[in-house]
Each structure stands twice: as structure tokens, then as C-alpha cells.
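Shared between the two complexes below is subunit A, which has subunit B as its partner in the first and subunit C in the second.
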Partner chain A sequence: MIDLQYYTEYFWELPILIKVVWLISGVLFVVILALIAYLKFLRSHLRENEKTLKKYQKEYEENLINYLYAGDNENEISEAQRVLINKMKICVADKFKRKILISVMSKLINDISGEMAHSIQKFYFETGLVNYALYKLKGRKWDVIASGIKELTQFEVKEAHNEIIKYVKHPNLEVRNEAQLYLVSLFQFKGLVFLDKLKTSLSEWAQIQLLEILQKFDNQEIPNIRPWLQSKNNSVVQFSLKLVKIYNQFDVRDILLELLSHENKEIRVDTIQVLNYFQDTECKHFLKTKFNTSSEEEQIEFFRLLEITADTDDEVFILENVAHTNFKIKLAALKILKAINLEIFNEVKLETTDLQVVEIVKFIEAN
Partner chain B sequence: MDSSTVRIILLIIHFLFLIYAFTVVVSYIFLAVISAIETSEYLKRNSFVNYSEILSSTVSPSISIIAPAYNESLNIIENVRSLLSSHYVNYDVIIVNDGSKDDSLEKLIEAYDLIEINYLINNQVKTKPLRRGVFKSTNPAFEKLIVVDKQNGGKADALNCGLNISKSDYVACIDVDCLLLEDALQKMIKPFLEVTDIKVIASGGVIRIANSCIIKEGKLMDVNLPSKFIEIAQILEYLRSFLLGRMAWSRLNGLLVISGAFGVFDKKIALEVGGYNTNTVGEDMEIIVRMRRYMEEKEEKYKVAYIPDPLCWTEAPDNYKILISQRNRWTRGTIEVLKLHRKIGFNPKYKLLGMLSYPYWFFYERLAPIIEVIGILYFLILIALQNVKWDYAFAFFLMAYLFSVTFTIIAIFSEELSFHQYKKKGTGFRLILVTLLEPFLLHPFILYAAIRGNIDYYFNKKLKWGEMTRKGLSKTETNK
Partner chain C sequence: MSSKKKIVLAEDNSTLSLLLKFRLEKEGYEILIAEDGKKAIELIEAHSPHLILSDIMMPYISGLEVISHVRNKLKMQIPIIVFSAAGQEEMVLKAFNLGANDFMGKPFSPNELVIRVKRLLSF
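So, the complex of A and B:
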């Protein structure tokens, strides 16, 4: 008691700065004790959670497998299946269990197809899980909306189309991506209709995802992509150029030639790549005339095209660029020269004083 | 000078120390808060991502993993196998044997059926010449592997050689002894591909400590907390630095360093700035500062991204001698880079880079050990003069200690709530125990290494990398 009084008096006599220091130390000490206690709780909780998760995962997997094998008619739910649905309906009401069930079903639906996948979708509707996903669409947080769309995509809920299409223009990138993936996953090429009015940029990541999904479908008849190639949205044009290449849409060649004069450099480069893929020779003249004013990337791509399409008519142009400052162009020019006129190639070889050319020539001759 | 003037000067010095300490604390709190926001958003954003699509895509961008190797014979076969096991589709692995004196190359030739090939190198960055040449495998299973044997020129030179060899759009520069998780490349490439209105010039990953982890055939099988204090203390350091520090700087777009152990770069920009600087031991920090400076000068919008997922695991020093040597080098690297790019500092032309990132690194990384030592010396003088109010001093020490412990525990929380890698029972207790002891048992060595780094920088210019004796990750499985 005396000690406490002594320390209290000591504390009140301290200068203000030292008082603050002691107070902060006291607060930090209490915070540390609280954090340590909470850390212990948190780690135990996470461990327990993981155990519970594994337990439920196993249980739900078994239930789902039993459900799949309990069906005797493609369109109707059997009695045994109904029992399992009713059992799982109880779990669905619990958020934690619902999350586990969804993750188990998501994994399962990725591994199965046809009748079984259809059966899982039915299960998704019958247990009422679909309602929770639809409810998520009305959420205020972007991550809730995005997870709802993802779920509806996985379980192919086409009925949500009118709700989800609203999110194609959502300010959040993730929500937009999920909405676009939903449209393409469920409506295939028809789903690409969102490109017509897309104002925001389609990232390279989103483009890759969309293309991969499209390539999984049996129906490879793509719609008219001309309007997209002429879109004011550069990312839509770039995406369409990928479609042109993957789906061999050479009938849009006239637009491709127009795109060679597009104001965006990346689009011009991509266009040359597509023309290269089609081994187009008619664009050569135009590209040659604007070669000196083109960017280095365009010049490199043009030379890649020439590597496939060059003939003796291109000889003068090729010779002009044998001494180009860019290594890739120099290499391509020498390769082409060797292919179209060995005599001139040998002359260049003898006359050159450029060490890089000497090295390239050696490499070309050795391969 | 009369005694009252001296007293005023001393008082000013005291307050300068106080202000410095106060701003350090405030900046740490600020960074921790920003980091928490960024980590939470990152986890939310990536909970929707389906990485499988990019894995099989024919239009996914190409990546070259560049791994310099110097006398890595002990583990080179296992390490290369780990690098070849990525799930990404469009990538190759370039091992640059940087004039190793051991039998690394022979081992690689034998294990991967390598033959010398005629390979035309576009020497965009000058490097030491090749020794035995470029090798590729005759076995289709290893078609992604390229081995380059060159004369020794150091890590930066070897990385530059890899940059010259690579035909990909992006390069992942990595220490050959690091273990990459199979999904590392797709996670690291994502920031480059998901942006539309800004250019990502590099992305850095978290480095985790693999000591005592179980690794089989180049794959991480089980994560364990090491047994030695020094190793656990480094785990805490890494958690603080990567999960709290760099994560926050990434959000502020002010990240000045990407660990040399694992980072992905836009190859075009890396080459445009001239590749790695071979005249510094801090080449990993230097290339990022130079790339940022280049983008600022070009007035192009850019970002250095950062991925908090535990994708890259490496062996940390398990004794004080190697640790001191490593930290000595880090200090010299920081000094060299800040000196080399001093034009950026406090220069509004470089915006955030010049007005925030550079000054922060200068005051709180470069000067911190020096100020700390000055503080210690001043305190010793006060003791000698019997001019210490011990109860006041104790209060300040206690507050500093408790703050440091609190900050480390927050880093542990950040780990638990995000990636929860150390799951085993009893690990939490050991982490807390080391947290309490670290300021006394590790920090003095770190301080000593930093001061040695300063001394070596000014008085021992010839000192370069120093040796890192590795036990090898493949051996760690036997540790348990």
C-alpha cells in the first residue's frame, strides 16, 4: 500500500513527457498481453476451423457422391436423392457450412460433365443455394457481388442473365470481369455482345480468360466481329484481333488493312502479327512505304512477316535494312536475303565491316 | 560558448533524437495500417481468380526464369528441377553458370542430357564472354531448359547475360537455390496483365525462409518453424519487412526494392535502362530505382507491383557470421544505390519517388544504424558524466522495446490472418518467445553488421559479395 502510494506520488511529480512515455508503455504492455492472448485463441481457432473444414468437406463429398449415384432418371429426382437434398438443406442455412458445400460442389463440377454435372446443378437449385447466390447480387460490397456472379457462372444459372448483365459496366474491375465471364461461359459467343457497348478497357488478363473459355466450346462459329474491329475501345479491337487469329477470320482482311493505320501503336503491331499469321502479301507494299515512320515494334513485326512472305521483289528493301540498328531486324533481313538471293547474301558477307553482321552471318550459315 | 549555450545545443539534440524516434514510430504505424488495407484487398481480389485459364492459354505472355549459379554443384540438379516444375505454360529456364569453379556444369550436362548449341545472342547489355557456350537438352522433357556457361562476372553480370539470352517478354530473376512454388509464375505475371491504364514495370514477391521445411524433389511438402533462434528471428524480420513494409509501399506505389531472390520484370524496360548494374552489390534495388527513374523521366504512368503470397522459399543464414556478412552487403548496397541516384532525393520532378520513397529510405534505412550508434555513444558519455536520469531512461527504453514487440506481433497477426503458414501447435509460443528476445539477441548483430557495412563501404572498397555457405534446401528434409 505504501509502495503504491509512493509510485503514484512519483508518477504525478514526473514531467509531462515522461508521464506520456509511461502511459504509452502501460498501454503497449496491455495491448501486448491482449494480442498474445488473442493470438493463442486465433491460432487454436484456425486449427479447429481447419479440422472442422476437413470433416465437413469429407462428409459433403460423400453426400454428393451418394446423391449422384442415387439418381435413376435423368430428369427426375429419386426418393434417395430427395432425402439427401433435405438433409443438405439444413446445412445450407448455416453460412460456414454453406461455404464449404459450395467449395466442394465447385471442385466436383469442374471434374464431371454431362448428366452428372446436370444433376449437381439440380442439387444447387433444390437445396436453395441458388437463392443465396442471387441474394449476393444485391450486396453492397463488390466482393460479395463478384462471388455471387462467380457461383452463378459455375452452376450455370442462365436465369440470372438479366441481373448480371447490369454488372458488365460496374465500376469495380473484379465485378466487371466476373460478369463478362458469366456471359461468355453461359452464352458462348453470344455472350460477347457486351463488347458492343463496352466503354471500359478489357485487360489482357480478362482477354486471356475469355478466349480460354470460348475455346472450350464445341460450337466454334463466331459472330460478326467486324463492328468490334472498328470499335472505339482499343482493348475491344485488340481482343477482336486475337479472335481473328484464333478463329481464322480472314474475311475481315479489308478491316485489317485499315487497322494498319490505326492511331494506336499496339493495335498496328497486333494487326501485322495477324497478317503475318495469314501470310498476307498484299499488305507488304503499304508497310514498306510507311516503314521509316513506323515504330520499331512495327518494323520488327513487319520483318517477321517478310521472313515468311518475302520474294525477290523485296530484295532492295531487305538490302536497305541489312545495316538496321535493331538486332532483330538485322537478323531477319540477313535470313531473308540468304533465302531469296544467296549471291547477294555472300556479297554482304564479304563486304561487311559490321561485327554484328559477321556474327549473324556465321550463325545463319551454321543453322 | 557559455554553459547555457551548450545546454541549449544539447536540448536541441535531444529533441532531434526524440523527433526522429517519433517519426519512425509514426511511419511504422502508418505503413502497418496501409499494409493491412492492401493485404485485405489483395486477398479479396484474388479469391475470385481462376489461374487455370492462363496456364493453358496460347496467348499468355512468355516468361524466362533467369537463375545465376556460382559453385552451386551441391544442389544444382534439385534446384533446376524445382524451377522446371512450374505449372505455367509459356516459360523457359535460363541457368547462367557464372564461371563456377566446381562441377556444376558437368552435373547439369549429365543430369539433363545437355548438348552445346549454336545460339545467337543479342548482346544488348555488355557482359563477360561465354566460356563453354550455350547448352540445351536433347530430352524433350527438359526442352524448357537453357544453360549458359560464361566467365565469372558476378550476379548482376550473370543476370544481364540471361537478359541477353531471353527471348521472352518478361523475365523472372531468381536465386538458383530458391524454391519456387508451382503457381508462382502465374501469380507474379497477373499484375502485368490486369492493368489497363498504367504500365507495370516489375513485380516482387515475398521471400519466405525454408530452413527446416520439408522439401522433396524440388517441391515444398511441409512448412516447419526452424529450431535455431537466429532462423526464427529472421522469419519475424521477413514477416515485418515483407508483409508490413513492402506491402504498404506497394500500395503507395513507392516500392524501391524487389528482392533479388525473386522478381519479375518487363524485359523491354529492363533492357532499355541497361540491365543490372555490375558495379554495386545492391543490384536488385538499383535496377528498380533506375527503372522507376527512367519511367519518371519519360513521364509515363507506371507501377511496381507486389505479391504477398508465399511463392518463393529460400535458405536463410543459420549462424551469425554469415548473417553479418549478408547484412553488411545489404547495407553497402543501400548506400551505393542511394548515392548513385542522389539526384532523385527531395526532387519534386520525381514526385512520390523523390519526395517520399527516397527520403524514407535515406532517413530510416540508410541513416538509422548511424543515428542509433550515435545515440548509444551519447548515452555512454552521459553515463560517464553521471548525467543520466535512470528512471527517465528506463521509461524510454521500455517504451521502445514494447513498441518493437507490438509491431512484431502485428506482423505475426498479419501472417496468421492472411496465409497462416506456420500451423503446427507450439509454433505461436515460440514465435512470441523469439519476439520478446529478438531486440536483445538479434538486433545488436544487425546493427553491428550495418555499421560494418558503412565502414567497409568507405574504407574497404574492394569488398564485394562475401561467401554464403549453403546447406541446401534439399537437405532441410533431414533436419526434422
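So, the complex of A and C:
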């Protein structure tokens, strides 16, 4: 008692700053204790959740496997399968359980194909899970809509086409991407119809994803690319140029030549790359005439094209660019010159005073 | 003592493991499941299986390391089938170089897997 009084008096006699420090320390000590208690509670709660999740996961895995092996050849859905479907129908009403079941089914449908994959899709419809995914499409949050579309893509719900096509123009990039992936994954090349009216930009990543999906299909009969090559949306034109190259659509050559005058530099560069791939020689004259007004990227691409297609007719043009300021062009010009006319190449070698040219010539001759 | 042929299945997708276990047990094989490469090696060393089914990408020890361990350290010549996802073509080539006998790209049909297992175990 005396001690407590002594400490109280001692405390009140302390300078104000020390008192404040003591008070803050006290408050912090209490806060830390409360936080420790909260973290302990949170940890046990999460562990409990994890246990429940594992329990349901195991149960649903077994139910799903039993369902897959319970089919008979007589009925589309056997009696045993119907029992399991009814059992799971009750479970899917609960959001937590539904999420677990979806994750179990997703894991499996990604890794198996054939009859069993079809059975899983049937299970997805019969348990009513499809309705929850369709309901997600009406959500307010973009991530809910995107996850709904992703799920419908994964379980190949073609019936949602009319609903999902609306999201191709959604203001959110993720939603748009998922909608585009849905269309292409389920409707293959026909799904690319969204490109007709696409006004938003198709990112490089989205283009790669679409091309990857398209290449998985056996049916490689591609639709008319011409309208997309003439699209006002530059990203659609760039994507179409990739399609032209991958699927060897050389019959659109006339449009490719028009694209060499496109207002967008990247498109012009991509077009030269495609023409290079086709080893087109007729574009050379046009590219030569506009060479001096072209960007450096276009000039480099043109020289790459010349490395494959150059002949003696190009000699004068090549010679003009042996002294180009750009190193890549200079190197390409000398390489081409050596390939098409060794005599002139040797003349350049002897007459040049440009040290860089001397070094390049040495390099070319050594390789 | 069981006369069933033993198969070690190394796969981190528990649902797929269970599905394949059911299917292969129906065909009369004894299946030992490993959820990662480390467990797979333990099972192989303890049970000397007749065949190994292994995913390439697994936690702790990859499918490639499992093949290397079986062929180089344990000197076992049992058939090995590897599973690979799309885009793992280089890994598949490495698996063949290390001594894998066959591969199946995901997604695959369990029925096709059974045919391949039967074929490899019939030699």
C-alpha cells in the first residue's frame, strides 16, 4: 500500500513529458496484449476453417469420383448418380460449400478429358451450380462478373453466350478479357466475331491468350480476316496481322500492302514483319520510295526483309545505305551486299574510310 | 502377399489422384499415392513398384528429379509415365532424356492412361 502510494506520488511529481511517455507506454502495452489475444483467436479460427475446408474437400472429392464411376450404359444419369446429385444440390446452396465444390471440380476438369470431363459438366448443370455462375453475371462488382464468366468458360456453358457477349464491351478490362476468352474457348474462330465492333484496345496479353486458345483446336478453318485488317481499332489490326502470319493468310496481301501506309507506326512495322515472313518482293519498290521518310524501326524491318529477298536490282539502294547512321542498317546493308555482289562489297571494303564499316566488314568476313 | 502389380502415383492434384486410383484399382492394380516428389521417392524405395506415374511439376521434388533418382540412384528400370501440362514440352524432353518411357499431356483421358499402363506392364 505504501509502495503504491509512493509510486503514485512519484509519478505525479515527474515532469510532464515523462508522464506522457509513461502513459503512452501503458496504452501501447494494453494494445499489444489485445492484439496478441486477437491474433491467437484469428489463428485458431483460420485453422478451424482450414480443417473444415479439408474435410469438405475430401468429402466432395469422394462424392465426385463416386458420381463419375456410378454411371451405367443404359441411362444418361444412373440412379446412383441421381442420389449423389440430389445430395450435392443441398450442399451448393451454402456459399462456402459451393466454393469448395467448384474448386474440386475445377481441379479435375483442367486435368482430364473425354467422357469424364463431359460427366463433370453434366454434374455442374444438374446440381444447379450453373445458375449460381449465371447469377454472378448480374453482380455489381467487376471481379464477381469476371469470376462468373471464367467459371462458365471452364465448364463450357455455351448456353450463356447471349449473356456473356454483352460483356465484351464492359468498361473493366478483366471482365472484357474473360468474355473474349469465353467466346474463343467455346466458339473457336467463330467467337472472334466480337472483333467486328470492338472499340476498346485488345492488350498484348489478351492477344497472346486468344492465339494460344485458337491453336489448341483441330478445326483451323479461319474466317475472313479482311474486315479486321481494315478495322479502325489499331489493336484489332495488330491481332489480325498475327493471325495472318500464324495461319499463312497470304491471300490478304493486297490489304497488307495498304497497311504499309497506315497512320500507326507499330502497324506499319508489324506489316513489314508479316511481309518478310511471306518473303514478299513486290512491296520492296514501295518501301524503297518511302524509305527516307520512314521511322528507324520501319527501316530496320525493311532491311531484315531485304536480307532474305534482295537481288541485284536492289544493289544501288543497298549501296546508298552502307553509310547509314544506324548500326543495324549498316550491318544488314553490308551483309546483303556481300551476298548479292561480292565485287562491289570488296570495293567498298577498300575504299571506305569509315572505321565502323571496316570493323563490320571484318566481322562479316570472319563469320 | 499381394500378387497385384504396384503403381506409385505421384500427383499433387488430390482429386485427380483419387480418380486415377479408383480407375486403376478397378483394373486390378495396387496404387500408392504420393502428393509430392519427396513422398514418391519414399514410396518407391519402400515398395519397389512395377510402374511409376508422375506429374512433372510437383512441390519439394519435381517429377524430373524423381525420374533421375529412380534411374541413376536406385538403378531401377521400371516403366515411368509422366504427366505434363500444356507449355511444358521442354520438360517432357528432359524427362525422356532422364529415362521416362511415355508421357501424357494434360488434360488426358483416364481410359487412355489405363491402356498405356497395361501396355507397359505387359512387357
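By our rule, the second predicted complex is superposed on the first by the 304 of 367 C-alpha atoms of A that agree within 3 Å, B and C clash if a C-alpha of one lies under 4 Å from a C-alpha of the other, contacts with A are read in each partner's own complex, and residues count from 1 in each chain.
In this text, a contact is a pair of C-beta atoms (placed from the backbone, for glycine too) under 8 Å apart; a residue touches a chain by one contact, two chains touch by 3 or more.
As the structure is a computational prediction, the values presented were derived from the model and not from experiment.
Participant: Applying the document's definition of touch, where does A:L342 land relative to subunit B and subunit C: first, second, both, or neither?
Facilitator: A:L342 sits against neither subunit B nor subunit C.
Participant: Using the touch definition from the top, say if A:E50 reaches subunit B (first), subunit C (second), both or neither.
Facilitator: A:E50 contacts subunit B only, not subunit C.
Participant: Between subunit B (first) and subunit C (second), which does A:K40 come into contact with in this model arrangement: first, second, both, or neither?
Facilitator: First partner only.
Participant: Name the chain, either subunit B or subunit C, that contacts more residues of subunit A.
Facilitator: Looking at subunit B versus subunit C, the one contacting more residues of subunit A is B.
Participant: Once the structures are superposed on A, label A:K150 by its partner contacts, choosing first (subunit B), second (subunit C), both or neither.
Facilitator: Touch partner of A:K150: subunit B, not subunit C.
Participant: Please indicate which partner A:I90 is in contact with in the superposed arrangement: first for subunit B, second for subunit C, both, or neither.
Facilitator: Neither partner.
Participant: Quick one: in the complex, what on subunit A touches subunit C?
Facilitator: My answer: residues 57, 61-62, 64-65, 68-69, 104, 107-117, 216.
Participant: Touching subunit B in the complex: which residues of subunit A?
Facilitator: For subunit A paired with subunit B, touching residues are 18, 21-22, 24-25, 28-29, 31-32, 35-36, 39-40, 42-43, 46-47, 50, 143, 146-147, 150, 173-174, 177-178, 200-209, 211-213, 235, 242, 246, 327-328, 331, 359-360, 363, 366-367.
Participant: Please give the residue numbers of subunit C that touch subunit A in the complex, ascending.
Facilitator: Listed in rising order, the residues of subunit C that touch subunit A are 13-16, 18-19, 22-23, 26, 83, 86, 106-112.
Participant: Quick check on the complex: what are the subunit B residues that touch subunit A?
Facilitator: On the subunit B side, the touching residues are 44-45, 47-48, 50, 53-54, 56-61, 118, 120, 122, 124, 190, 192-197, 392, 395-396, 398-399, 402-403, 405-406, 409-410, 412-413, 416-417, 420, 423, 425, 427-428, 432.
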